[in-house]
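Note that chain A is present in both complexes that follow, paired respectively with chain B and with chain C.
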Partner chain A sequence: MQNDKGIKKAFQSPYLFIAPYATLFILIIALPVLVAMVLSFTSFNTIQTPVFVGLKNYVDIFTGDTVFLQHAVSNTILFSVIVGPIGYMMAFFLAWMLAQVPHKIRTIYAVIIYSPSITGAVMMAFVWRIVFSGDETGYMNNLLINFFGVDSPIQFLQDADYLFPIMIVVSLWGSMGLGFLAMLAGILNIDRSLYEAAAIDGMKNRWQEIFYITIPSIKPQMLFGAVMSIIGTFNAAGLAQALAGGGVPPQYAGWLIVDHANDFGFTRFEMGYASAITVILLLIVLLFNKVAYKLFGERG
Partner chain B sequence: MKKFNVNRAVATILFMSIVTIMLISTTSSVFASSTPYYTYTTDNEFGWVKTSDAYTPAGQILSAGGEAFKTPEYVYVDHEDYVYITDSGVSKVYIFDKDLNYVDTMEYYESAIGLKDGFQAVNSVFVTEDKIYIPDSFRKCVFIFDREKTLNREQQYNLWMDDVDGNEEISSGDLFYLSEEVDGEQVPMGTPVYEVEVTGLTEDDNKIVDFKDYVTNEVMFTKIDKDEMRGKFLSWVTAEYESKTLLMYTMYASKNVPIQIIKTPEAPVFIEGYTFAPKKIAVDTRGNMYIVGAQSDNGLIMLNYEGEFLTFFGGNPLRTPFIDQVRSLLLSEVQKKKLREESQIYIDYVSSVAIDKKGFIYTVTSTLEDNVIKKYNVSGRNYFSNDAAGWVGAVDLWVGNYGNVVVVEEFGWINEYNSDGQLIFSFSVSDRGIDREGLLSLPKSIAISSEDKLYVVDQGNKLLQVYEPTEFANAVHTALQAYQDGDEALAKQNWSYSLEYATVFDLAHIGLGDAYVRQEDYAAALREYQLASYKVGISDTYWQVRQDWMEQNLETVFTVIIAFVVLQWILRFVNKRYLFTKKIGTKIQELRKKNSVIDELFYIPKFIKNPLDGFYQIKRKNRVSVKTASIIYFGLALVFVMYYELTNVIFIEDSNPNILYELLILASVLILWVVANYFVCLINDGEGSFKNVYVSTAMSFTPIFYVIPALILLSNVLTYQEAVFYSVPMTFTMIWVAIYFFFMIKEIHNYEVGETMGIIFKSMFTMLIMGIFIFVVYSLNSQIFTVSTEIAREMIER
Partner chain C sequence: MAKSGITFNPDRFHKDQWRFHAFLGVVSLFMGLPIIFIVNHAFKPYSELFAYPPKFFVRRPTFENFLRLATFSSESGIPISRYIFNSILVTIIVIIATIIISSLAAFALSKLDFKGKIALNKINTFSLMFVPVAVAIPRFLVLINIGIYNTYFAHIIPLLAMPVGIFLIKQFMDTNVPKELIEAAKIDGAGNWRIYWNIALPLVMPAIVTVAILAFQVSWANMEGSSLFVDKEALRTLPFYMSTVISQQGNIVVTAGVGAAAQLIMFIPNLIIFIFMQNKVMASMAQSGIK
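What follows is the complex of A and B.
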């Protein structure tokens, strides 16, 4: 009897209750992150046993790695500060517009708009390389030469000054991914009666609808979208190389932190150093997420 | 006692400022100048500043071989310092040696057969190590002469003939004596030196005469009678010598005969009628010619060494009027063609060309205002700074021995640039009607000798003016060369020396900085760059300095950060027990209750969090007083001054602004805004009072206090590489303020979004009108003032 009670109590324990989730979480998310953090204090070449080196990787990053300090960090922050918010606003705007469209057509539109996110960065780069091709057969150059009196084709993808803006345009085009779908679902779930009630109370126009009903109602989805866009832009990689045609882009234009980590991790196989870079990236993302929660999170 | 102190402080400040003003005025104004012109250079702080003389006049040439210049056109100095001056008035090229002694005159007449191929308009000359190129735009060709032959051309001389067989004309067996000049007359000398033999006849029956050595009987040279020498029948000069009658023969100077004549190339474009009228020319080491042609729309004509057309090169872009560009988008082909014929498209023809040792082609265009000088590589890319100061009228240029470029301008300015296009010296030798040595009336061409002397052709006064470099200029040149050669110590020494002549000389500081960078002394380089406000340099060297510091102090930095975190943690812990924050909070509450201004200032954070609520509070509850708003405006002014004073120079556009002036502009714009917005809203059903507008405008600027001061401090440890950390928060703050501003208008006057937009535009328009009105009143006011003083003087004096 006593024992029975003990078992019953054990089954009622909240720890058991969260155990399935906790196991999965630890295995799939917490452990890899932890391993990366531990690896960042070692020198590891994927073959030999990692050697503990203390803070050396971090010290090297902040004192010796000019490419990281001069290009990767600046580029990543500029990239995410531009692509993140603008892509986010575009996602909301598109979702809101789609919500106004009848059901069947909406599905088709949603698939079309979502397709850039499915095709992936490299595929996108190939499409855009035709547009910004460096000879006069490129659409952009052709347009400039024929209609705007530019006298020679511009090397869009080989010029460091052009490559980064083009990369931003391409990313914006493909950035309304998950966030867009979530917001669309959120908007469609808003109770219609809210709008009707507001109309009776004297709602004047669509702007007021958006600001007083739509946005407050989909705040959780907005938060999700914001977090996704921040993580998405910080995790972006490989676009500049794909646009410029492989290798390191000219003058490290558009060279992002993840590019740098990939370079060290999978080209030079310095896993310890690459881990240190990703840990720094993690800290930056956490910082920005904190800001996003402050702005969009529920109060209290 | 206190009052006394204040007085003394004021007096000290006054005294100090007077002393500084005097110092500034003495350092920048007076230079002992022996030359009839001033030399200038550019400076980041004072702009266009006078500096020590770089070149001083050192003689003129007015004539060549007794012949005065008629229309001197062009000057060239070759690698052995022979000076060539072309004179288009007489179609001749005069040659001088390096001491400017007359050597020879190059002439080339139409040949006897009547071919029209002589010099007609010798526009210029270019000399390589073995060839002399003379373009002639009237003849539409380029004459190429052998340099050695031209320089060592046989001059005219005399020989005496002993007519042995007595047939009174030259025949085999006649003997020749050398001639010497005694008292201005030619007399024979010594024993016979040549015996002649007539070897045959030319086509026009002239004798071909071999001159053989009298002793060895070896053929020395051959001359053609009458064509290359003239004797008895034409001159009739005889002399008695050793009881023989000798006849004087004149041996003609050998003629200048071109070894090659480049005519209009046979490429289709020229057959179709493209003008080939060479005026100036530059030749690279492979013999490719870059020709400046009159009416050459496409730029330089590039020919290979055989004269075959290769390509057009380095043309200036067409200046099509903007309206025509717009029109051409809309017109049909036929209309476009018509437009093309009627439109006043102005083509900027290249004025002159030069080439340096590395093969860069330099052009100068007299009709351009910007990008006057261009430095092209083989593929036609321009490497000369786009900001290089230049003037309309620059006619000729020369690349000096250190990659320095000198340009002469028709109105008298001579500018010297370094190889990147940074202005080193500039001086105007325009005579303005004064006749002094060194001043010119119409300079046309310039060249530099190996000793850095400047040769300038003055077509107006018909002379060649020579300028000598001063010690100062020499130091600069040596430093440029030393830096190129990698001898930083010498470069540094010379730059420092040049700074003794010119206290304000950015180029020297940049040069010193570059030398320090090569020696990896970044801190010293940073100091020099800062003196010159050379932003890219400051950024790069600061990066290095900071990196070195980081390497040495990274441990300390980590420790400080960790200590800080720990301290914060401890504080929080302690706070829980002793409630510091609550005590401070109550203190502040007390203070806020006592003084309304402090209370209102502490309201700012709350306002920033809930701006819409804040505007409501301001409008309905009078939450913020005028006094507080004024304090905020004052704070804004402080931040503004701080921005100009404390921000890292590399992030400020204008590194030496007049802060008071900027502040005045900002203040007047704000005042105009408040007034204009109030009046516009008054007649547009706006609800806000004047006080509301004044206060809420101030409040909507408050986010600035949160970001900008911190950003200004942060900017001092940033470089261009981390500009993102400066520019992104800056932009965000501006957007933030703009949004608050928008809602301020909307809420205070209770408008819709669309109405608010309209009101903003209307207010801006009103501001413009008011600005213009004030300007008109101001200018009228000064008129009125002058008129009334005039009238007053009339009254008094009558």
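What follows is the complex of A and C.
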């Protein structure tokens, strides 16, 4: 009888509710991060056992890896600083405008604006390749030649000067995702009496309303949106290669740290080195998120 | 009465809104154009794919590109129906499993008291920023060693931990499942499982739907399982099959036609589901803030 009760009690334990997720979390999220940290101090080619090499990988990355230092780091920072904040601000202003049109038409606009984020830029790469194709059969070149008086077709995807900007536009196009929806829902749920009170107090300017009422009211959604947009910028892994048609893009244009890690891991099988790059990348993600929490977090 | 300059959620069109409509119209056009392009491109016959000057809209729509996608399989020995079956099976399992796992954990994190609850909540909010792509290499090394190689689990297990899923359900539960209701049920002798199933779950349906949509999105387009953790052709899924067909077309113009058809197959189910469920998604996103 006593034992029976014990089983019943164990069956109701909160930990039982948590257990499935916790197991998967450890397996898929925590363990890989841990493995990356450990392997980053080793030399490992996936076949032989890893050999401890201390800080060698990190030293090599920061002293000898010119591709990493000259291209991957600057591209990643430039890319995330442009796509992150611009996409984020776009999302906010679109949400702000959408909130001010009637429900039916708003739904139509919102579905159209959200839908590119479903597909994602990398999946779309071959369609972009035909749009930006380097001869006059390319849609963009055809348009430029016929309507804007450009003389000869531009090698959009083989020219480092064009590839990176195209990559940014393509990523922005696909970045109105969950964060955008969260901000829209947030704005629609702001207590309207706040605005009426402000109007009585003499607030007339829309910018004042945005900065003193709208943004503070949806701060939690703004933070969620910021985190989502930081994650979103990593969806550009492999985008430059896909746009350029496989292999290393010309002059490493658009070559990101993620691409560098995958290159060392999956093509060269230097897992230790790739893990060290991964750890650096994780630290950068952490840094960006810290900034987002500083800006929008309530306790930050 | 003093009126605010802002009129959120207006009931009908008003002439003050024209600037918003103008701007949103242009943005929608820009965002929608590539999708209209794919739709047109997917139905273009050969002659129009190769046409010079290139035409944006399709003149004589055909199913040539879709047929090319479907019939390619006769050469590899496995029919496209097998890949479709695999994709549907895997996606259904991923959706159901994600919902169960996420909602159970969210219920505990929102409504039950236990040691370590605060820490776990912090960890989950923290892991929202987790980017699977960033740890692709160590993830591969872990997953290759847990016995999912060449099984259906290869497509399923890696997708099941979804921090944003737990987060959305938990947030929704915090505001929409009143504590009094749970206390009342407890007094009536209901256990945690019964409260979870009969009270909490029915009240958080919008969040569940949102998580289901996210799980569908991830699983339906997932190629990682097929390319990294499976080398039996019969176990691979539709996106992988389509990417193989696309990459073997040889010619960039033909590739784009077949690719657009494949893209459409990936995209349309997502779009339809979202359109029908967008009310629920918006209700759930309203509670999505990180506090």
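The definition used in the following text is that the second predicted complex is superposed on the first by the 258 of 300 C-alpha atoms of A that agree within 3 Å, B and C clash if a C-alpha of one lies under 4 Å from a C-alpha of the other, contacts with A are read in each partner's own complex, and residues count from 1 in each chain.
Everything that follows uses one rule, which is that a residue touches a chain if its C-beta (ideal position, glycine included) is under 8 Å from a C-beta of that chain, and two chains touch if they have at least 3 such contacts.
Just so it is clear, the structure is predicted and the values come from calculations on it, not from any experiment.
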Following the overlay on chain A, give me a clash-or-fit verdict for chain B and chain C.
fit
Partner chain in contact with A:28 - chain B first, chain C second, else both or neither:
second
Taking the superposition on A as described, I'd like to know which of chain B and chain C A:227 touches: first, second, both or neither.
second
So in the superposed three-chain picture, is A:119 touching just chain B, just chain C, both, or none of them (first/second/both/neither)?
second
Which of the two partners, first being chain B and second being chain C, lies in contact with A:166: first, second, both, or neither?
neither
Name the contact category of A:157: first (chain B only), second (chain C only), both, or neither.
neither
Go through the superposed model and pick first if A:278 touches only chain B, second if only chain C, both, or neither.
second
Taking the superposition as given, does A:17 touch the first partner, chain B, the second, chain C, both, or neither?
second
One more residue to check, A:204. First (chain B), second (chain C), both or neither?
both
Looking only at chain A, is it chain B or chain C that touches more of its residues?
C
After fitting on chain A, the minimum C-alpha spacing between chain B and chain C in angstrom comes out at 14
Under the contact definition given at the top, report the residues of chain A touching chain B in one complex and chain C in the other.
204-205
Given the complex, residues on chain B that touch chain A span 317, 320, 325, 329, 543, 547, 550-551, 554, 558, 721-725, 728, 752-753
Looking at the complex, which residues from chain A come into contact with chain B?
55, 59, 62-63, 69-71, 73-74, 77-78, 81, 147, 149, 151, 204-205, 207
Chain A to chain C touching residues, read off their complex:
11-15, 17-18, 20-22, 24-25, 27-29, 31-33, 35-36, 39, 46, 94, 97-103, 105, 107-116, 118-120, 123-124, 126-131, 133, 136-139, 142, 146, 173, 176, 178, 181-182, 184-190, 192, 195-196, 198-200, 203-206, 209, 214, 218-224, 227, 230-231, 234-235, 237, 245, 258, 261-262, 265-266, 271, 274-275, 278, 281-282, 285-286, 289, 296-298
Residues of chain C touching chain A in their complex?
2-13, 17, 20-21, 23-24, 27-28, 30-32, 34-35, 37-38, 41, 50, 52-54, 56, 100-102, 104-105, 107-109, 112-114, 117, 120, 127-143, 146, 157-158, 160-161, 163-164, 166, 191-193, 196, 214, 217, 221, 246, 252-253, 255-256, 259-260, 263, 266-267, 270-271, 274-275, 278, 281-283, 285-286, 288-291
